[in-house]
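You will see two complexes here that share subunit A, one where it goes with subunit B and one where it goes with subunit C.
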Partner chain A sequence: MSRLHRLIPGRSGVFWILLFGTTWLLSRHALDLSRILEARWIVKYPAAWQLPVERRISGFMQWLVEDAHFGLFSFRDVTRFVASVIELPYDLVRNLLIDGFSVGLGNQAVEIGPSLSWIAIVVMVTAFGHFVRDWKLAALVGGCFLYLAVFGQWDSAMVTLASVLIAVPFGAVGGLLLGVLAYRAPAFEALIRPVLDLMQTVPVFAYLVPILFLFGFGPVAALVATIIYAMPPMVRVTIVALRGVSDEIRDVGVMVGCTRRQLMWKVLIPTAAPTLMVGVNQVIMLTLNMVIIASMIGAGGLGFDVLSALRRLDIGGGIEAGVAIVVMAIALDRLSQAFATRVAGDYRLDPNLNIVQRHPWSATVLIVTVVTYLLSSQVPGIQSFPEAAALSTGTFWSDVIGYINVHFFDTFEAIKTAFLTYLLLPVKRFFTGIPWAWGIMLVTLIGWRVGGIGLAALAGSLTALIAAVGLWDKAMITLYLCGTSVLVASAIGIPMGILAARNDTANRVIGSLIDTLQTLPSFVYLIPVVMLFRVGDFSAMIAVVLYAMAPAVRYAAHGIRNVNPQLIEAGMVSGCTPRQLLWRIRLPMAFPELLLGLNQTIMLALSMLVITALVGTRDLGQEVYIALTKANTGQGIVAGLAVAFIAIIADRILTATTRRARRNMGLDG
Partner chain B sequence: MRYRSFVAAVLVGLGLSGAALAEAESQEPIKLTLHDWTGQFLTTTIMGKVLASAGYNVEYVQADYIAQFAGLKTGDLHVAMEMWETTGREAMDEATATGNVVNMGETGMNAIEEWWYPAYMEEVCPGLPDWQALNACAAEFATPETAPKGRYLGGPVTWGGFDDERVEALDMDFEVVHAGTDAALFAELESAYQRKAPIVLWIYAPHWAPTKYAGSFVKFPPYSPECYQDPSVGLNPSLAYDCGKPTGPIWKVAWSGVAEKWPGAAKAITAFTISNEEMGAMVADVDLNGKSVEEVTDAWLADNKDVWSGWIAN
Partner chain C sequence: MEHSILLDCREVWKIYGARADDLFKSHGNRLSAEDLAAHGLIGAVRAVNVQIRQGEIFVIMGLSGSGKSTLVRCLSRLIEPTGGEILFEGRNLLAMTDREMIAIRRKKMGMVFQHFALLPHLTVLQNAAFPLEVQGMPQAEREARAREMIELVGLKGREAYFPRQLSGGQQQRVGIARSLAVEPDLWFLDEPFSALDPLIRREMQDEFLRLQGLLHKTIVFITHDFDEAIRLADRIAVMKDGAIVQVATPEELVLHPATAYVEDFTRHIPRAKVLSLRSVMTPGVPEGATAGDLLVSERIETVADRIESSALPYRVLTEAGEVVGHVGRQAVIDVLIGRGITR
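And then the complex of A and B:
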């Protein structure tokens, strides 16, 4: 990669070497320095200078929950009202899918109607698959749901589906309305943009605590958290989609005399619908992503199964439930994508046909539902999938891991020790040794160098804030874990991306591998990793690498593929070997894309770090997790914001670097 | 919830023996909290099944050990079956001081929590179980991750325990590594024990581990409340936590409204007791013999009908 260095903006190697050298020296000798000078403040941020933000936030939260009052009702009444608004449809859907309808409570409950039978639901989704696309999709979706039934995941899966069916409309409609508002009022957009940035970078754990306080323990709080987590992309997509509507269409709307409202709802939104559906698809995927985390605060379903398997280190159970989430994600993803691109078919009504013939699909669904309903009380196995027929691969997975553990323990131990001694520990020592004052300077200098005075001010002040709330050490450990993981992820991901760009077969294999890695819920990685490498930083690093590798691969492949063919031809004409073509033309030209990929990898790594707190890391993620388990609002939000600050600094610095790289290469003119 | 159907099954199984008790009381479900270790699943499930057999509606809610107090104070959650003197005292005192949470008495179990090492470590490190001897051979416990310091495997951070503070206050050459979960803690012990690898870790009783594996708890300077609260007390004049961990009863706590809403249930919860030995045996059944919590609690209920029917007798 040494050749790439020439492309680093400004070619001011001296500046970077000096900066690194100083940091390295300080990191190594700060401790001695502080001993000689008897100045402990050099290595440890003085407690006396610490800002009491944490306490303030907790105090505010307490006031909000206990005392805030608007005359007739308290703030908590409002949130509890919101909770009941969400709970009503949720209970309804859940009763319909799995619990059944009943009157009364507990042992005095009288069942007045069973839930839909699994057969009816499978037929329903299959019919829907055919409705939105074709037979192939119908078979895929039907197969996915059948899998859930056959592998004994039905009950949990339906609880999860109920949460998704409620969270998605709330998230999508809420996001749409906010997006419309932002489109109409630029002031509102300016206001909401930083909020969206924060919502996407603050780890979810951080806002679970306040949600618990306000909405109570249970599925509703989990739903609220899910909606908050899944909404931001919808807002962004809505803004982009509405802006993207061509002026001609808008003008036509104005010319035919549309009111403002008509213009929005009858012209702009229908035109933007395909793009909007991309947003809905995002909401669905994020909702599923959130399903497990939400189970920590009381959402049941597949997420809870994965979490409790993790807690028991039951690898088979965890993988089965995890795969069930993936299967469900695939079904919902394909359905929503097909729905987005659906073309209304050639729809002719033959007056000679009766109502059943005119609506064959709806009729089938109706008939199956009614028949299974009638039979359910008589024939076992119709209402719920017969347990005896359910398959389980659980013991298989446990056996595989057990076998590996017994036979390869020494090998794994050697790999782990090598990684720890030569990569993790030196990097850790380097980062944790950096004195806070120099750290702030360092980030400011980097910001100034790559993006000028504005970026320097932003990066410097955010870093200073992290130090000021007393989280410097934890932030450095976060940087070290995130840094090494991103390094390893790039070292594996970029070559894979290059391979995928050059070879179609490799592209297909790597593509599906990456897709699986991305839909697999993040918790699922932890189980086998912990079994093989035990708790500690190394396990955390592997989990982060697996989770964060996807963008490195994708952007590398995209960047290499999109290199201007004329340049390659020029290279070939001047007699480059394939190797030279790669190193001298393809890679340098793809450099901006690689940086974008790096940016995304860092974002994913940071979001995964919070989850690795479950295997005992000591970083900001753990701080957030501790706050969650202790219900300490202030601690959680402060640590969550610190993670967000790191993400924002990394994002801004990399974006500025990318911009400069593109400019230097004449890509942006 | 799957639990609802199982409650119904239990009711049928037990022949609605005490259904009369609950008839006059609220039919709203009593929410019991579940945390993340096997023993607590067992006590909670037993209590839940006993209450259900008395005709109450029961719901199990996943909530964190300390975070649950937020719910208990507001009445979102109702009963927590295990609050350990050793780890939960501060949080419990703080909650009961508000008047919204009440202590429902002891569970009959006594908690011990301390650093623990397997017996084979005594050869490597003579002078154990004294903590200074342990500290002298800290290097024996080192791993590449923590070297040159020794590695102490603490419980999940949620359990508290002040181990980081203890290491700092006693100036020990150990680094505290937190196991993410209860299961991970004992998986490491098992793996290390099989290979006779050095390990010192957080073990608690009642649990099967101290009976299955030969080993002992480390002897720290004895615990006193002053040692935790007053930095000047103890070996280190400027830091608190320079002593061992407290031992003491495991308490039951509940939302203060439980006694008004379900007086009979409150009585039953107060009456609940179980011994360390019974508990240890049941945890071993689940964790070692691979039985489910359902099976084990059903077996206990069948064997101890006299005991628990006393709790719900009028």
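And then the complex of A and C:
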């Protein structure tokens, strides 16, 4: 070991320069080298060495669906059972919200009851807004739903809402139960923790492929995917929340003679409720995000509207549906956040009042619902918002985009070309030129340098696996797109974070901007980008930057704000200018925090990158997307895992670097 | 009844660290502090023997890290001791099944916690009724009982409040009401007043003494505050590094501290607060006129004014009315100014 150390120059800068230099040279001349040596394996991973993982997985899935049998029942029966458990409540909610109740099938169907009136639903959410917070929130969510009705997005929005209403209880309760189990049985926690880790890094599209294969195209498959996607954070939050209950509270439970079950459900869970509600809020937002994406496997609703508009290049329609998604996301987020922080009322009810006076809101909702329900078959416009009165912003948006394109086409084109020529293409050439064998070496070396032998082995073998399944080229394109996007996101996000940390007004503006950006489902980002820049890597980059910027801003602001004030004072006493304070004290001290932000940015960028396959990138995301359209499980899972591997390598290397940085600065032991 | 032992704790150990059980099995009670240190273990409770008598206030006093909280959790079996026996009404708690333990805790034990540990989602009434709810008592019955307890601790009228709407002192009153709701035979109080402001603390101590005057519970009271200990205790156990240094009445502790460590605590305690007439009186039946009679167990603090303002000495009587000695002005003044106190 010591001899190895002597071989590598003591100053770590030299190591990195040498490493980069070699890589650059190899990347540039690998092609020539392979021609001279007549060794094509240098630039292209030989097909003969490829591991047949894809086929094996597809074969296994085939077997699972067609032949697997566990004595009393087959695997098919299991999926059918799961489907029916989800389908029943889903149909019920959907009938209630939008479709209406009917008996019989197809043309013979006879309507036996209409769905709820749009008026009733708007009144309901408004009342709920008032119940959980106040008049302001009631007005906001009422306004949001009214918007959906007036602007003709009602039907799709209700389909989406039905999916959310079904997926959230399943995801939240399922996550809670798994979390409780993990809390009680450490062995079970050890089992699911790596699964949770993997599920957070595997891109969303990759979930869809096997589920599509198992459940077929349709709302149920979409719901299953959504529930699986939204559950992991709830599991984590549950474990953390239960652990966070103070020992004394637990002791109280034991001392009053609670049984294990009573201790859990009467003491621990109610005490942990505020934290658990944060998890529920996350489940709701992830559910909405996934319901939109899952429109690709038949979820319908607003997501489907966006998807089909994107496919038709229907500018107005796409933006209209996109805005509807945003409106819905904001309403759901504000409602669930308010619900989470709600303090139970402590007013006492006056027993002299009658039941309507005691519950004015519930009574109003009930009366409005019943009256509109009875009237809906007689009076037009109550059942569903009158079409004649509905406004469409579609043409307006088309005109706006048209106007922009006519007048600013050259500007946009120039920006795009400049980015492509000076940033995207050179970086792309660099990454795609790296010969796979050196790539594996490179990652191993970096792992060794920052984290020692263990990390080197992990990073090296994961990289080798990516090459071995024949996805090297696509992985390099992913890396290039991810790399440039993260670079741009950091270049914009970190200065914004610094500004937010130093200035209260800026903090408020940037904070609310970032909050809103984070509540939006990832799909929405694609719409304006495609409208302005059409398909291609540049559009993908912009979408990824918008989606992934938030953590860069947050962590930068947090890091700068938390620098020990005594250090700043020491700097000022030493006569530092504000600029010197920033560059010599604040930024270096916030460095570990910046690295954490970078880590998060990369994770978000990778997850968004896969979705940008829709706007025509040629990376691993495209591979998953193709697998999805062909329902090729093996291909989808392998490509999904490749993305997960990249995420894991990046995460481990950055975590190790952060730890070193913190240790060097004496921030912890 | 006065001297029957309710809780008998024999050679109780609690050792933390990897493979603590193995080491304990091989060494048993001979385990020394050096052995523990050599194996990188922490002896939070070491070979503790205490007998808690029916109806007494037994205070366990020690600084933070002395193991007093761990000990009380061993006594209530919130923490599983590494070794030893804990006999409650003659039965070993440590040999009991979970089900038996639950039954004992439901009917015979109550505990008050340092940070109140009220359930935030329940009202005052529901918190006080919680132990009864857990037992499955019908709502009307348990709420009636909880109301009595709330009235007992002086919170009548606040039944519908939530814990967050109460001050610290009020919250601890709820904690006390809750722990008393099952009418426990053995009442644990784990630093119940330590998280309160000094003035409130004093008020709560008075309240506690008032309650004990009504209820006559057997009490194990944990504190790090020596003043509090001598104010409340019938007997005090001083703990240090997981072991009990001395068990004695406050008076004995002040007069005859077993070690320098105990003496450090007692040095600044005003003697008048601790000493009873027994320790300052002149034995024998007084000759001549006396000003009146005083009980031998009276603390100097409470009778100093009367003795000092009288020119004649007082007779000192036992509870049975037998004259055992007399005490005069000079003896009281000596105690008050700390002159010639025996060690």
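Simple rule for what comes next: the second predicted complex is superposed on the first by the 652 of 669 C-alpha atoms of A that agree within 3 Å, B and C clash if a C-alpha of one lies under 4 Å from a C-alpha of the other, contacts with A are read in each partner's own complex, and residues count from 1 in each chain.
Definition applied: contacts are C-beta pairs under 8 Å (C-beta built on N, C-alpha and C of every residue); 3 or more make two chains touch, one makes a residue touch a chain.
Computed from a prediction, not measured in an experiment: that's the story for all the values here.
Visitor: Which partner chains sit in contact with A:139 here, subunit B, subunit C, both or neither? Use first/second/both/neither.
Guide: Once the two structures are laid over each other on A, A:139 reaches no partner at all.
Visitor: Please work out whether A:88 is in contact with subunit B alone, subunit C alone, both, or neither, and reply first, second, both or neither.
Guide: After superposing on A, A:88 lies clear of both subunit B and subunit C.
Visitor: Between subunit B and subunit C, whom does A:177 touch in the aligned arrangement: first, second, both, or neither?
Guide: In the superposed model, A:177 contacts neither subunit B nor subunit C.
Visitor: Quick one: name whichever of subunit B and subunit C touches more residues of subunit A.
Guide: B
Visitor: Look at A:258 in the shared chain and tell me whether it touches subunit B only, subunit C only, both, or neither; answer first, second, both or neither.
Guide: second
Visitor: Which partner chains sit in contact with A:630 here, subunit B, subunit C, both or neither? Use first/second/both/neither.
Guide: Touch status of A:630: first partner only.
Visitor: In the overlaid three-chain picture, which partner chain does A:216 touch, first (subunit B) or second (subunit C), both, or neither?
Guide: first
Visitor: Starting from the residues of subunit A touching subunit B, keep only those that also touch subunit C in the other complex, and list them.
Guide: Common to the two interfaces on subunit A: nothing.
Visitor: Over in the complex, which subunit A residues touch subunit B? Could you list them?
Guide: 99, 104-108, 155, 209, 212-213, 216-218, 295-298, 300, 304, 310-313, 416-417, 420-421, 424-425, 526, 530-531, 534-538, 613-616, 618, 622, 625-626, 628-631
Visitor: What does subunit B use to touch subunit A in their complex?
Guide: Interface residues on subunit B, with respect to subunit A: 1-2, 4, 7-8, 11, 16, 19, 27-29, 31, 36, 52, 55-58, 61-71, 74, 76-77, 91, 144-145, 153, 156-158, 177-184, 187-188, 191.
Visitor: What residues on subunit A touch subunit C, complex-wise?
Guide: So the residues of subunit A in touch with subunit C come to 246, 248-249, 251-252, 254-259, 262, 266-267, 270-271, 273, 344, 346, 348.
Visitor: Write out the stretch or stretches of subunit C touching subunit A in their complex.
Guide: 73, 76, 78, 102-107, 109-111, 113-115, 117, 119-122, 130-131, 133-135, 160-162, 165, 178-179, 182, 188
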